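As structure tokens, here come the structures.
Next come two complexes built around chain A: one with chain B, the other with chain C.
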Partner chain A sequence: MKAFRLALVACVVASPASAYRIYVTNEKANTITVIDSDTLTVTQTVKAGRRPRGVRVSPDGKLLYVCASDEDGIQVFDTATMKLLRTLESGPDPEQFAMNAAGDLLYIANEDNAQVTVLDVVKNQVVANVPVGVEPEGMALSPDGSVLVNTSETTNMAHFIDAKTFRRIDNVLVDKRPRYAVFTPDGSRLWVSSEVGGTVSVISAKNREIVKKIRFDAPGLTPEEVQPVGMRMTRDGKTVFVALGPANRVAVVDAETFEIRKYILVGQRVWHLALTPDERYLFTANGNSNDVTVIDVAALKAIKSIPAGAAPLGVASSPN
Partner chain B sequence: MTQATPGSLALRRFSRAFSLAGLALVLAAAAWADPLKIEIAFIARARAPSPPYVIDAPPPGEGFDGAKLAVQDNATTGAFLDQSFELRDVELGEDESPVEAAKPLLARGVKMFVSALPADETLALADALKTQGALLFNAGATDDFLRGSACRSNLFHTAPSRAMLTDALAQYLAVRRWSKVLLVPGPNAGDAAYASAFRASAKKFGVKIVAEKPWAFGPLARARSDAVTEAEALTFARNVEADLIVVADEADDFGDYILYRTAEPRLVAGTQGLTPVSWHPTHTAYGSEQLQNRFIRMTKRRMRPIDYQAWIAVRAIGEAVTELRSADPAKIGSDMQGPGFNLAIFKGAAASFRPWDRQLRQAILLAQPKSLIGLAPLPEFLHQRNTLDSLGVDASESACKPGTP
Partner chain C sequence: MRGFRAHKVALMLRSLRSRRLEARGRPTRLSALLLLAFATPALAGGPPPADEDWPCPQRRAGAISRAAIWAGPAAESRWDDDREAAALARKLASRRTPLDEADALIEAFAKQAGADKDKRLTLVFEGTLDLINGERDKVMSAIARYARGQKALAAKVREDAEKAADAQEGQGDITAPDALEQAHPDLKWDKRIFDDRAQTLTYVCESPVLLEKRAFALARVLQEKL
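And now, the complex of A and B:
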């Protein structure tokens, strides 16, 4: 198995592989579950730091970054060996983070400390600390890399920050407990999910006004069950997937009309989502059923449930 | 931290103001808004410190500490909008009246008050504040009549009512089909009210009270002896066919004594044993570990229900001020009762105020001392409007009528 995987990684340079690796952080098991997107099976379970949450893969696919929230650090794994290489100075209680296109800067939300830490991963040096609202969580970088956004859960704002000077440009009040932020591929709009408010706010990046508030009146669900958290957008900017938490569903939203095309039933308490780069599959981390649901994106159907560790929270796909 | 000497006249302290304007200097203020300064007063009775050996004694600063944490949260948010929040701690000595204590604050223009006081004093304070257009948030008293026949238009409740607490318990008993209850009310007025609330909850959720036996053996749970024996207390529940005993003992005088001392094996729930509460140290879901951590870091102790209820009250004021960009109490009061106002309170579903009695809708935890058993409303119970309204007094049953003073 291991030899096979190494061979696979080796031939990535030569020809694009169709199999991706999906990394799932298990918040209460302190492990990372590795899933092969071809076989849709677990290939490996790796020990991580305490309370692993936010997760991302470097643009070249070689490094895996994982927030070890209770260890106040971001762990860096070699994706070829899944060995821990080092732990970065993330500032206290890192939860989610964004990465620049070059992959050398991380923008980290320090949940317990009302700040965003900007970290040079090569030098393992803090470049800036930006004060934000209470319980910062969601982090997004505009596609051109010029604007950084953080959402603060208790302050209920999306903070727009200049990514060069690290000064705040604007603060946009959204509905209660904003969890996740994502820019449209053209950078014109920012989508922010509000867990307790039960909505997703679509904000114009230009004038920072809320263009639309999306509500989720799923049949058979009480409004209290709808708690939007993780989101993923297709590369063409046309479709957004929104994880609805204890509603155990992923909403498929048309990003142009804001209509909800479908609700897909997944595992219990769905937190975060990951699309494979070929956009064939969407993976969902289900915190209460301790599994991952695989959604066939073309068919918009859940096709498989894969067991993970205790309390899966974050999920990321390898880029290659 | 609010160490107090009982009986001292110097207890009332207006001096300790927590100004968080300093934070605003760090965070450049938004240019368009006029600076707003909001002063909030927290009023509670000073409490004599308990001897160190008392288990889980009410700590000095209970309630106030929750308000203090919330005002920090408000100030961080407010700094982005050029709003600053200040908190005044008003500790009342034995002979001091909250109404008198509020007067100098009202004269200075304070419009926002949070209290953790008994029901009668809460009501008197609400009436005194109303003449000045000020709002009162009751973070302490659970009495249902404050939400019913004695409701006031300027009185909001972040403490759950007894009806909400006992409804939460009755829902759990109904789901478990533990439907035969022996009810044991204590001798105090609060115990009688708790027992009465439980009777109503039992009826509402189909739980049967098979017998009632008032507790008549004194505060045995407080007796300090290694061999407390009281023959009648050990046998009083004998031969009652019940699934469990529900105790109404708000003073913690006897409920813990009953557990494991009955003739037949019986579970205990109510004010002791399995308890319905607004907050508990075992609760860490819905992001609540953040709030638990922040509170423990600040106070070096665990957050208690009254701390949490005071925290909600101050956060509610902060949220309304932030949304309205105004400190006008009339606007705040009406905004809070509107359908658009909701709060994230770390228990999942958004909290909001019921417009018919200004009681905060909130989930209720069911906990034993070291383990969380459940969260009410339980999924089995639905409601036409909001599932949280399956707890407590609904609009159609409320004795609080629109247009009340």
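And now, the complex of A and C:
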């Protein structure tokens, strides 16, 4: 009996404190797949606008924002009902966006007009249009909210922008076709992935100098297969996951030594990544195998493939 | 996007026909317009192509790497030395075998593979990848040939159009429907072939991708049985 009770306690302890919801945008199916992080199954598939790409959940978990790239708008869903509440006016062809901590401002990269649109989501009003390089893509906001970064695919730069005045602070030249940018949790460094260059540049936020350029010489892969795109960082700032596109692998990088600890085989054409807030799982959106791979973060192992819609691209986790 | 551009060229040609009126008495302008339509490398567009003979929006990539689809062990012998493994590899690689039958075929093989199951499944994987890479290579060469053919055709249409415009200069009325094309049947046919081919480009470009997807899906099922 005692043993049974112990086993029961162990069971309760082992089960996660809460289940999160994972939202995946399917670029060609024009849908959003909703996954339960506890059962690791699809709970819902919701119709979205044309070509849904970048996706984020509001800080309170109540709203889901999705770039409907071919409709030039950001769709807002109620996460409780998954009903479309409204479509916000963004600039043309929105792809990725960042959000401030309060959740009332979106910073949207508009691929077609070389601008970053700053949108007040409460008033549905454009606060500013900031001219940047050609084909803006990645967007990141520093943890203190003071610096905005945009990467431009054609100009091959990370543009540092003052988030209050929207004046350009600096430009940092990185390798070809920068796709994604993320700040370290302490805000001291910015990581930028270059899809065609095949590298990740780690930039000092203070003096905007490249501290390290990470290459991915994975054994057995050709350089053209290695195309770094989406990234996620653990809260302690020690580990960064980098999606390598058509290499079908996620690189696990030690953020202190910049060594690559592992290349995990996931689905085909891996685009973006999402960590559950408890950092138990990493979800990867796989554009060609039309599925989501679940990685057990502690074991650094792919444990499951969950079928999604056609061409999954973006993925985000609920905060609660 | 390049496929789309090629289609656009075809559309431009069509709109040229409706602009025949404008061309009246201005054969040089007609010729210039046709030249313009075909002067841009007919199949190019977007960022400058790294490879002139590659018409697809997808990057031209070499053979599918083992490491991009396989996390299992490396093969210890040649796959075609194991006859059963080779036979299964051939069956799996063939596009005539529906993908949803692959699981049962692999399962059956794994069951009777004996103690060397993992080694033999690895050989099946090696064989499947080799065969699909071989087919993919052929498809890619065919696409490059197709692109060269389109380029040559574009040059010919351009030349014919110039000749047609020259011949028309100072002569009769070309505003009657299809007068230009009737007077120059070659031009009409070449344009039609060009249009048709341009429209199938998207489909053609998808075939290497479909092979990559097939190789990945098969590797995944094989790995699950290890």
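In this section, the second predicted complex is superposed on the first by the 303 of 320 C-alpha atoms of A that agree within 3 Å, B and C clash if a C-alpha of one lies under 4 Å from a C-alpha of the other, contacts with A are read in each partner's own complex, and residues count from 1 in each chain.
Note that in this section a contact is a pair of C-beta atoms (placed from the backbone, for glycine too) under 8 Å apart; a residue touches a chain by one contact, two chains touch by 3 or more.
As the structure is a prediction and not an experimental result, all values here were calculated from the model.
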With the two structures overlaid on chain A, would chain B and chain C clash, or do they fit side by side?
clash
Which holds for A:D104: it touches chain B only (first), chain C only (second), both, or neither?
neither
Partner chain(s) touched by A:L265 [first = chain B, second = chain C, both, neither]:
second
Touched partner set for A:D120, first chain B, second chain C, both or neither:
neither
Looking at A:A218, would you say it contacts chain B, chain C, both, or neither? Reply first, second, both or neither.
second
Chain touching more of chain A, residue-wise (chain B, chain C):
B
Could you say whether A:G197 touches chain B, chain C, both of them, or neither, answering first, second, both or neither?
first
Once the shared chain is lined up, is A:P246 touching chain B (first), chain C (second), both, or neither of them?
both
Tell me the contact category for A:E89 with respect to chain B and chain C: first, second, both or neither.
neither
With both complexes overlaid on chain A, does A:S289 touch chain B (first), chain C (second), both or neither?
second
Residue range of chain B overlapping chain C upon superposition on chain A, of 165-173, 183-191 or 327-335:
165-173
Which parts of chain A are in contact with chain B and also with chain C?
154, 222, 224, 246
Touch list for chain B against partner chain A, complex
26-28, 30, 73, 76-77, 80-81, 287, 290, 293-294, 319, 322-323, 342-344, 348-350, 382, 386-388
Which positions of chain C touch chain A when the two form their complex?
47, 59, 61-62, 65-71, 209, 212-213, 216-217, 220
Within the complex, chain B is touched by chain A residues 111-112, 114, 131, 133-135, 152-157, 159, 167-168, 171, 173, 176-177, 195-198, 222-224, 227, 246
Residue set of chain A touching chain C in the complex reads 154, 218-222, 224-225, 246-249, 263, 265, 268, 288-289, 305
